[in-house]
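In the part that follows, the structures are each spelled out as structure tokens.
Same chain, two partners: chain A is paired with chain B first, then with chain C.
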Partner chain A sequence: MSLLTSLARLRALDEGIAQPVATVRHCHLSARPMVFIPLKLSGEAAAPLAAMLGTDRADPALLVVTQPRNRDLRFAWAAQVAEVLLPYIEGFMNDTETVERKNTDPYERAIDAPQLIVPNQGGVAFTRLLGRSTRFRRTDGPYPVPESVPLLGRWLTYLGERAAYPGSSLMLAATEELGRHWASGQSSLEDANLAALLAWITTGPTDEAEDPLIWPPAGPATDPGFDAEVLAPAMESGSAERVTEALRTQLEPTWRLMWQAIDLLAALPEGASVAQRWEQDRGSFSGMAVHIAEGAPPQARRDGAVAAAARLARMERAQAAYDVQRAYDDPLVMAEYRLTGEAFAGEVIETVPDNTEGEGRSRKLRPLVVIKTDDPVRLPPGTTLGTPQRRSQGAELVEAAEGLVTLKITKGMGRGRTAAPGAVPEVGERVCYTSLTDDFQGSPALPEPEATPWTHGGPPQEYVPDDEDAQEEWS
Partner chain B sequence: MSGLKREGDHVHRLDALRGTTPQQPHDARAIAALAANPGCARRALMDGAGIDKDAAARHLGFPAPFGQSPFAITRGNMFEALVKADGCAELLRMLREVLGLPVAEVSYHDVENVGAHLRHAHTKALFDRAAREGHDAGTLYDHPLLSLRIAGHTAYLEPDVVAFQLGGRFHIVEIKSFAVIDGQADPAAVAAAARQAAVYVLALRNLLEELGHDPLKVSHDVVLVCPENFANRPVATLVDVRKQLAVLRRQLARMTTLDRLLEGLPDDLSFDLLPDEDGRPTRPVAELADALHRTTARYAPDCLSTCDLCFFCRDEARQEGASDLLGRQVRDELGGVASVAEALGLADGSRDPAEGQEEIARLLRNAERLRRECLN
Partner chain C sequence: MTTEQLAPEQVIRNVLADLPRHRGVVVDSPPGAGKSTLVVRAAAHIAATGEPLMIVAQTNEQVDDLVARISDKHPHLTVGRLSAGGYVPPLRMLELPGVRVGTRIQDLGDPDIVIATADKWAWIGDRVWPWAIVDEAYQMRSDKLLRIAGLFERALFVGDPGQLDPFSIVDGDRWSGLSWDPLQSAVSVLLRHNPDLPVHRLPVSWRLPASAAPVVSQAFYPFTGFRSGTNHGDRWLELSTGGMGTVHDRALEEAARSGWALLELPNRHTVRTDGEAVQAVALLAERLLQRGAVAGSEQGERPVTADRIAVGAAHRDQVAAIRAAGLPPEITVDTANRLQGREYDVTIVLHPLSGRRDATAFHLESGRLCVLASRHRHACVVVARAGIAELLDAHPSAEPVQLGVPVKFPDGWEANQSVLEHLSRHRV
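Coming up: the complex of A and B.
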């Protein structure tokens, strides 16, 4: 959190309504998102209790495990979830586009991809656990499960992993995305309550949001009072219908909140880089689909040393790119960097469009621009700069003193003797430059998994799912 | 001798604060939670006096937002029973196999057999003998009753744990029902378990010291037993609780210096709930609230998961417009500007910075200018 966000929170507290901390939407929103609200039995690691899910806000599916400790009912429930989720996911696989690549074969990328939206981070974690507890199951042997169950497990695992990938929109947590766009007047801990956060954004804070009788928790844990007074007696009565109806009362309010959250996010204009990140999501989704189609084994329980290092490096690069892209897309995010002196904005007061450096053949065009700014610039001369106004442009800081910044443009003004029209900002134009650049960072050189050094445990054993995995207890 | 007298005084003062309300015994969870917010005078005083904070919060109309689901309780009890079944057979298997401990032969003592009133004395005697004889054979002690001095009062701890002796050292075993999945568990749950186990380690060390033995005979490595993956099969892990022990010791030392907090209090201050015959509080709510408001709380959003009084203190922070409401991060960011109005006044320039506030005021003004520029 930055001082800018802190200030927005203070303002929200003072005015009694959440304040924007973004001017554009930084996540992709599908035209047909799958809203998924899972509930689990308290005290158990991953015993599903119920889920409300669907793509139609008027017609959610309610799937319930009426006796959560019964293993057969649990797998039947997983198969029911698969009946809803798998056709939705597979529906995106067939419409593809061919993507050409340098030095390697072209590949097929889905035109659109699935999007799973859960209420909060707890929902993401539980989805991952559901994936973990189902992906190793077998359709034959001592405890056979329907064919769809292990497949569902692999997709839930995949989506859960993507949710941790910075900038990915294949699986979103509603409270996280709302919190990225609005600052409430409560702590970030309390923002994890979907009802409370939405109240701050729409009508202002209300104590009702914390009353489980009015707004039941958005899961995956249920309200302990509800467990004691409603759910436990309903289960003891042995009436499946009573259990189902009890759980409906806990899920329906959250269902309405989820669509309210989606509407709020949809009302924001989409950021310029969102499509680019969604393109990566689509590519990743198609890659996973191919992986499964080719009969690869389910995701291992744990990454080997090399795979883990590679994953970490990928995520770090994605995080860096995501931060830079959001700043370029959104002046309010860029303002955080202006506050710390890593970016500045102001009016162009002077330009030397035909300035050159060097002599003879090495003579280069280096247009100069002088900008008047109120921002505290903390960048040394020679810093490489980029600008959201001209994304292909590169510049270098020449001098910064007393509110005046001189920079020279080094890239992206054409190949001619004079700069291409529009490449050099005009006097009077408002511009923003920053030292943040989305430069591609090479991936670290990692050994092949077979060559994992002994310091990291040596080459990992190849993962082969065994009977023990498939028959693992789920009690 | 003056030290003794002082302690007597402050015990007397704490008893007066409690009045007719029966003393709420401390359990390990409560003692561990003390470390969560060491700067809160209100909590230190109420805990010191032994006031039931949950009852107080309910009476004030601010019941705490946490409860435990009956499903979770059942599951926890079931798991503990499983681990301890047949004289802790399952536990032994783990100590041998998982931790590779050379536990050959084991004797098992269920301290509970002697009846509640004798348990602490019996526990003491058993540990005294074990520490003196220093025999190498493993011994399991089920249901021991330990004690710890908290602010002049003795708190009895009834661990659901077993202490076992191995190679002359005692180990605390903590049984928890949260799952370890593929070698990973919820970090918050593990941290809470470690804090709680540290309380037992400390109590056992004090016990040995009292008996004239080396307190370090109690290992700082505790054995955490949890279900593995999605099954009920237990798995044991060693957890080093040295850090938690250090925090706890510091915190308990602070509690015994409650005198300083007590000195500043008005003489007529009382937290008495005035319970009637059925134990229902009858103290007028406004009067109790007023008494609490006369002590300083240090509300932070983290209190919402650890302290029964959290909603009461949050409400107070709201009335005062304290920036604490927004969390420690925001408070740190504001560098000592405590009230919302003050921070906003510095930001829009309607308030002049006090001495030492120039830098944060400059930053806030800049932030305000940037927000206005971007949003208009």
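Coming up: the complex of A and C.
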């Protein structure tokens, strides 16, 4: 936890209400998000019990497995979920735009993409498990399932994996996103309770949030008291209707909280880089759609050596970019870096806009800017700098001493002899510069999976999907 | 036959003899056990067969250092130093005979040995070297090895298993338990897929004095112990001017006498950049210089100048705060990660758990303390707030156990306790 977040948490505790730790929203919020609240049977790893889902807050669908120990009912339930989710997902596939690419063929990218919102990280993990337990099922043979079930499994797997991808908004966990924008006065473990976190943000903490009779857990685990006193008798009675109505009482309060969370996030203005990250999400979504349309096998259970390294490289790149973009988009996030000396803000007190370097044809415009700052600057001369105010520009630190920083603008000044109006900060302007920059080198190539070297076990056996895949001890 | 009975020379000969017999050979080396010497000898040994050799190190400093050592010991060998575009070679390297620097293999001519960082090697393709030496292999993440393993047929992996594990900014739970987990070190993955490869151990630390080797060996290398190459009395540290009786002076005197000192500050929970602790560290370094410390060893007698002193801490902001406290710029101040592989006469360490309220996996990682406590030839002064033992007792390691992940020894918690117990005998 950074110093600023700790401070915000202390202040939240002191004032009895959560404190903002972001000034803009750092995730994309779809105009038509799919809210998905899954519940599982306690004591089982991946036995679905119920789900409330839908895109219309006034009209959620409630799907229930009236006897979760019956596997046929489980997969019939999965087919029902697929009936809601698949049309939603497929609805985004047809409207596409053509994207030109350097050195390779253009591709089609969806104009908009689905967005699944679950209450918490537990919901994400359970979605991944659901995906794993359904994507390998066969539609023929001994225990056939409807055709939509394995397809649903592949999409749930995709979305669940995408949720772990830094900066992606295809699948969000509500508590996670709220926690990124507000600091409550409780521990981060307690922040995973959606009702408690929302109370901190809206009205201040209440004991009601802890009372399962008022705010049942947001899943996937259910309240043990409810399990013993309501659910078990209802199941024993054999009345599907009684089970359904019992579960409705557990899901409806969370359903309302989910939309409250969405409204809170929607009220924040969107960060400048969010659209760019959503564009990548859309590209990834279209890629997955093509993958499925081309008849590729379901995602393997584990990453091979090469696939793991490739995924790690992609995720690290995305994490680094996400961190930098958030700082550029949001002065409150940038403040963290100002505290550690990796960024500084201050007032321009002197400029030399027509400073040049080099002679003759190689003469280049390199304006000098002197900034007065109270921030501790811990950057050595020569550091490459960027600024949220002028994102296309690059600068270099010339000297920093006693609250005065001199820097030289080295990139984005054009070819002219004089700077374009507004390109160089004016005296008196407040500016912020940082050593965080978003230009990362690409990562070097990995071997083909068939060429996995001996140090990593040699080439893997070719993956052939078989009935064994669906055999899991816990499913 | 145990490692204890083997002379270092015999181990090196065994390693060289094993090279042609196996696809890979691993050498574990405790701090200062002559790892670089081994790499240079093995390089010359392989080059003498006439077959080309590639050497992989992890940082540019390590590469430059190896180039200088090879050129010094074996001036007749031609060495090519591959570098990235922005790299500026130190002047001393350009003057070395037989050394060429370039960004492409073609620029190097056809040298006996090509050296580069693992990151640089990952961009090279279309050629296979019969031999490779991978230095600091325990610091190398296995995904880096995956990128370069196609470049060589046989390799010698050298490194220190007690140092910091490689890390990532993203959560890697997804891969834990897989034998090719990209976040594991190159050696772990190599040995899990090739369990029959020979593993040798260098038995003697030439860096650590007799006062430190048993402590470090017992805490961080409980099953593969090593001993010091020097005896008690071979090394000494003397402060040429008298002290003023302050705690800082007494800590330095204790360190000069016994090789260790713990300067304990009053128990308090503090922010990471604990002002008092930072001040204490800076004062210790300053007094050490003022009092004209002189170090004597098998290499002769020399004053402990600023460039022979290092200050180590766990976090970058602590390092920045200590630097800002006004130390002479020649004193190295850095994090444990960046002090790996370096050597000084005296080190001053801000204990990673000092003033903390909790003990996270980061702070408990045994490698972090091991690096900080094993950089010195003469003495190590640790600055810490009281109460670390109680903190440790309140925070037993509670990391979830992952299936299929080999248990790593030593446990950071245990190692911390062991070092702390030793330090408590040198408390000021």
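Here, the second predicted complex is superposed on the first by the 467 of 475 C-alpha atoms of A that agree within 3 Å, B and C clash if a C-alpha of one lies under 4 Å from a C-alpha of the other, contacts with A are read in each partner's own complex, and residues count from 1 in each chain.
By our rule, contacts are C-beta pairs under 8 Å (C-beta built on N, C-alpha and C of every residue); 3 or more make two chains touch, one makes a residue touch a chain.
Computed from a predicted model, the values in this text were never measured in an experiment.
When the shared chain is aligned, chain B comes close enough to touch A:Leu10, but chain C does not. Looking at the shared chain after the overlay, A:Gly225 reaches chain B, while chain C stays out of its contact range.
Counting the residues of chain A touched by each of chain B and chain C gives the higher count for B. Of the two partner chains placed by superposition, only chain C is touched by A:Pro453; chain B is not. Look at A:Pro20: by the touch rule set out above, it reaches chain B but stays clear of chain C. Legend: residue contacts after superposition of the two complexes on their common chain; A:Gln319 is shown touching chain C, with no touch to chain B.
Within the superposed three-chain model, A:Arg302 lies in touch with chain B and with chain C [touch as defined at top].
When the two structures are aligned on the shared chain, A:Glu210 is found in touch with chain B, with no touch to chain C.
Contacts of A:Glu402 after superposition on the shared chain: neither chain B nor chain C is touched. Judged by the document's definition of touching, chain A residues 3, 302, 376 lie at the interface with chain B and also at the interface with chain C. Those residues of chain A that touch chain B in the complex are listed here as 1-4, 6-11, 13-14, 20, 23, 41-46, 129, 132-133, 185-190, 210, 221-222, 224-225, 227-228, 231-232, 301-302, 331-332, 335, 338-339, 374-376, 472-475. By the touch rule above, chain B contacts chain A in their complex via residues 65-76, 177-179, 181-183, 227, 229-233, 301-302, 304, 321, 323, 325-327, 329-330, 333-334, 340-341, 343-344, 347, 363-364, 366-371, 373-375. Residues of chain C touching chain A in their complex: 23-24, 119, 122-123, 125, 142-143, 145-147, 149-150, 168-172, 174-175, 178-183, 186, 189-190, 193-194, 271, 316-317, 320, 324.
On chain A, the positions that touch chain C within their shared complex are 3, 164, 166, 302-306, 308-309, 311-313, 315-316, 319-320, 340-341, 376, 378, 444-447, 451-458.
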